[in-house]
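As written, the chain order gives the labels A, B, C and D, with residue 1 at the start of each chain.
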């Protein structure tokens, strides 16, 4: 009997691992670290079930990749065993470079790089450690592999990454609007002219997927309170970095300390940076922010207290830009609450910005629909109802955020 | 329009909060702390979905309490509004005294008290803060309230605590054997002679509940690897406390530091103890154990590395006691792997003990079945199949645990 | 202990019946008859799970009504016990006048009346049998009851009838696009100015409901093959009636025979019509159509054979009207397959027509959204995305249908 | 692109058909007939959702067979394409010989044969029609094929037939006690010594399967009212046959008429018998029983009225045999209600009998468990809890049944 590893998943029942290299990659500390990085950061403050990790998402996306590849093979698409494993590796590691509270971190203390750049650096590192076994996977990931449809499965407007995270985020938040008929979408996938396409019969499922995505944006990813929490974290991390660089010795794990001390863009070529980055996860930040309540800096202490005790900022979101008058009014009120804080300190409590919701873009890497005569049409043209055109509109909203 | 708060729950859709006191208790930092305490500790190392918190469980159990009370009222059982709210308070706070990795903590660094004692202390503290509004809730919780069936709903062999945690743990681990027909069990609850009973028609649902409970014990709560992880955490915490008390200054949040320094039984009457305890959660321990990999103590470092990188101990479980010979053989092998460690240090790597599985006890506070003629029978007598009698047997297993 | 009846439902777990009059209405042969009338006629030829009955739908809609009323009461809306029971009666009986393959029947053999008229006649009959206990229910049903919101719950663009049938049809067909967050929609219902409205926070759930409805139209209610099957049934019934009225004695239950014999509009005031109508269900038609394969009329035999053996007609659906040329081409082909059939006979094999999909109409009885300041807006104006406007467009499609 | 057919299934999402012969068998009128035969007869009178058909069950079992075979292949078990298709054919057709209300029919009007014998006859007929393409399938079905494990998948204590019907019946009745972890059981299947076995890790899933089976027996298959309905149908059919053979001309489709007229054992070698049998389904009986309410025979009329209007018999079930005194008491009461009926007529209203529940038999074709060292143990010996032994006990109950 050949051995197979099985991992339970509340969503899919279980996930099978058959290839040794996949098993070894999962066991690697770089990947195990993802167990301690929540997919949706502090969104669980709004949806308390949203505690799922990037570890589980990566496995889930790999599970969908297995299904998609098996389905394509059964339709006669040629996929060698090496390509099969390569595609699994590409999707398994696609988010390996995410840090804790990823977007906040990138904006606050790990400067000059984004998570995609770190993913590439870590994949290359792993490829060295595994003697080149990741070659095919990496070239599928970065789009240089000749069979473009494999890359499409990893990264496109209908990739298994999106399929898993939409479904998983919907499941754990309990926002049923994000539920998507995964099995049907995967069943309807086909390959035409080396690209991933959708069979005509699957068009309703894809439409629903795009509508679900837009709804998840408004209800989860860009949820008002969620945006406010993100702003608060960025403010905390920036303050902590500023204090550190001005000589304060804050409580922090050695890895977090390293990035608080670091100035300028980080160098992904440096082994120390990689070591420190891969040792850091949600617990470093969560534990530190909790301890910083006891900080002698009144601003840091107040920001952290508000986060930990869930005394979250109020947020206004609107279609029009936030005016200077709106800002003046907000800061005026704050001045009364914090009479001994100076302007710079008060600004740590007020955040302005904007968010965008692009459910589907027909121009870039659009979804193609294949009818039974082999004709290809772009999705929003293939659809006979008017919703999809509507979904192509980008919706922009502006916000201002301050303590209640 | 009266305002109502709604909290999403992947399990029940959503949970409604209608009473102001309930809303205020949930907002309180003591309760918010439960957001950072996982229900199943590090069981997510085995079942990666098992990240749900005591916060969500407490809300879920309260939700079931609402259903149970509404059902009983609709059957003509008299429950005043004060009793209704009291029962909600009792179940909401029933686990308020749990710390991070509760059982491990109690065995290692918070000495002389258990979580039930802490729960009582915190409830009394909250009762003072809320000017006596928790009186009824507390007397329902501790069993002194005259309507005994309300206490039965909070704590008995068929209480809403068990109903929620079995269902919730089953859901998040993905172990479908624990799925239980909650709605049906709740529908079948009735009150007879001031006690909670089950209508005859609900007997299959209750049988299944008990069988599911036993299966969850073997597959989750007493899962081999889970037992091994618990042992490893206890070993880490004991070593850390020993090092601290011998003069080492380990990385730790101030609250964790407090308990590492503390000697002897803790005094729940001390405000400082309460402050420190309620400031501590999973992140304090997880972050510290990760940092202790860099400790100068080779034992602590090795134990923490094994935990963080998921290089978990091997465990043997058996019906017979572990013999001294088994132990000698294990330690002999370890001596070869760690030639420069002394006996005391090696003993930090080997754990022995036993676990028990009692699915149902007919004697203590047994489940009563009520037939349509108003006759009461104890569950295992009422059942016409032989499973239940079998389930009354306690199964004991012995284990030994050491690095692979 | 007060008695309550429980009916299992795969969708909602179970449905409770607490009122005696409801229990008695369900037991009545008029209502029991609905057990033998499938909600979706022969749609199970396309989706084999779609065997659910009008009996189960009526109970399900009543279950949702219970939830909706309980929710409104908890928000402070006054609903007396008599109104509560009246609303349950209204929804329970809202479809009582449906016959087997309802729409086909109305077009073919029960002439001059539609199912709404029959529903009213049967409700009045039941009201007499139950000594006026249905008064309030009937006035809620027909909209004459002063509290208009109760009628809105029974019949509007967001009534519990639609909520149940969309969810139920989606469930049994397995078309996941129709899944709707029922609990959330019901939770968001409120009453303003005596009308049913939706709270602002529920807007995404309502949008999704409307989108789901449109998708269910294309994928189920107006599914190509489903439309073809309907046409085939109408053709069969018309032929059978024509043959009967021309002296043929076809196999038929006495009730079906009655309607095959009947000429002109039926008189709902006649007790015989009521008796005969309420004795007829799916089995009368299904059994007869199966037996008619042995009919000496070659047309009836061929039509029935095609239906029973699932040798279904081909159907073309398009945005443009079917031209005379399309028809000529189709009939030309048929002439070769059935060389000895005359024109009139061949016309029994070809069907033309059109279908429409109106997901939502802003003008008529539109859905109103209530924000937290108490302001009301029509749904498509309240929504900040463009989908809803798109959904107001009626889509019309034309079809022609003939044997493969 | 190779073509594949997809059939929606509320339970599994959808079922794929890839092989042409499978597709053709499904299209065949013998198989289409199963669309009109409900899996659970008139159990929907108790559980209104239980309308699922033998058609859907056969497809579902085939779907599980596909999964099981794919899983075994991935573990290295050799299964040729012909064997794969053969196993699908065997399971697809395993119930092809079921008639309407199968068990009742066999006891009442189709004498001397059972559904297994008819299944074999129909398979052989189909094999002729399909030029021998069913050879392998038939030999797998009847156990003569050398690879015994393929037969085990079709028919054993853990076959895919049971897996599907338990899960499906549980789903449609809404009796959650029957829910079984199908995926896990199938994943744990392996082949040892040419037989189907279960890997050690799957033991809890199998235990739960057996417990679920027992519970489904008591709650569904042997549900008191369900037993009463079966008895009533048998009584109706026997009366109808007796009347027919005594010269009455009852309303009946020609096929039902054929069997009412027929005396003695039916000859499965006769083409007419096959024709008549395969033309008969639930609608023939349901429609006739409804019409027979108008029969001039007061007994038949009364029995049918009770069935159609759901005025069902009362039933007593007990562990002890029904005594003559019990019978006398019952018939005494009936004599008062029907003073002008004679003894023979009254006996049509009273039914006695017994039912048995064998959840699992260790002796016959027992379930074998395979540990990781390759050792095989019989399931109840492998289990370390006591439930299974308890489940081996056969429970017998006796009943008496008569009008309320």
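Points worth noting:
Heads up, the rule we're going with is that contacts are C-beta pairs under 8 Å (C-beta built on N, C-alpha and C of every residue); 3 or more make two chains touch, one makes a residue touch a chain.
What you see is a predicted model, and the numbers here were worked out from it, not measured in a lab.
Taking each chain's centre as the mean of its CA atoms, A is the chain most distant from subunit D.
Interface comparison, C-D versus A-C: the higher number of contacting C-beta pairs is recorded for C-D. In whole angstrom, the spacing between the mean C-alpha positions of subunit A and subunit D is 50.
Averaged Cα coordinates give subunit A a centre that lies 44 Å from the centre of subunit C.
Between subunit C and subunit D, the centres computed from C-alpha atoms are 32 Å apart.
Multi-chain contact residues of subunit B, defined as those touching 2 or more other chains: 13-14, 176, 184. Across the interface of their complex, subunit A is touched by residues 1-2, 4, 6, 13-14, 16, 18, 74-76, 181, 183-184, 187, 190 of subunit D. Across the interface of their complex, subunit D is touched by residues 7-11, 13-14, 27, 29, 32, 35-36, 44-45, 47-49, 51-53, 55-56, 59, 171-176, 251, 253-254, 279, 281-284, 286-288, 290-291, 294, 308-310 of subunit C.
Residues 176-177, 179, 181, 184, 204-205, 207-208, 211, 214-215, 218-219, 319, 384-387, 389-391, 393, 395 of subunit D touch subunit B in their complex.
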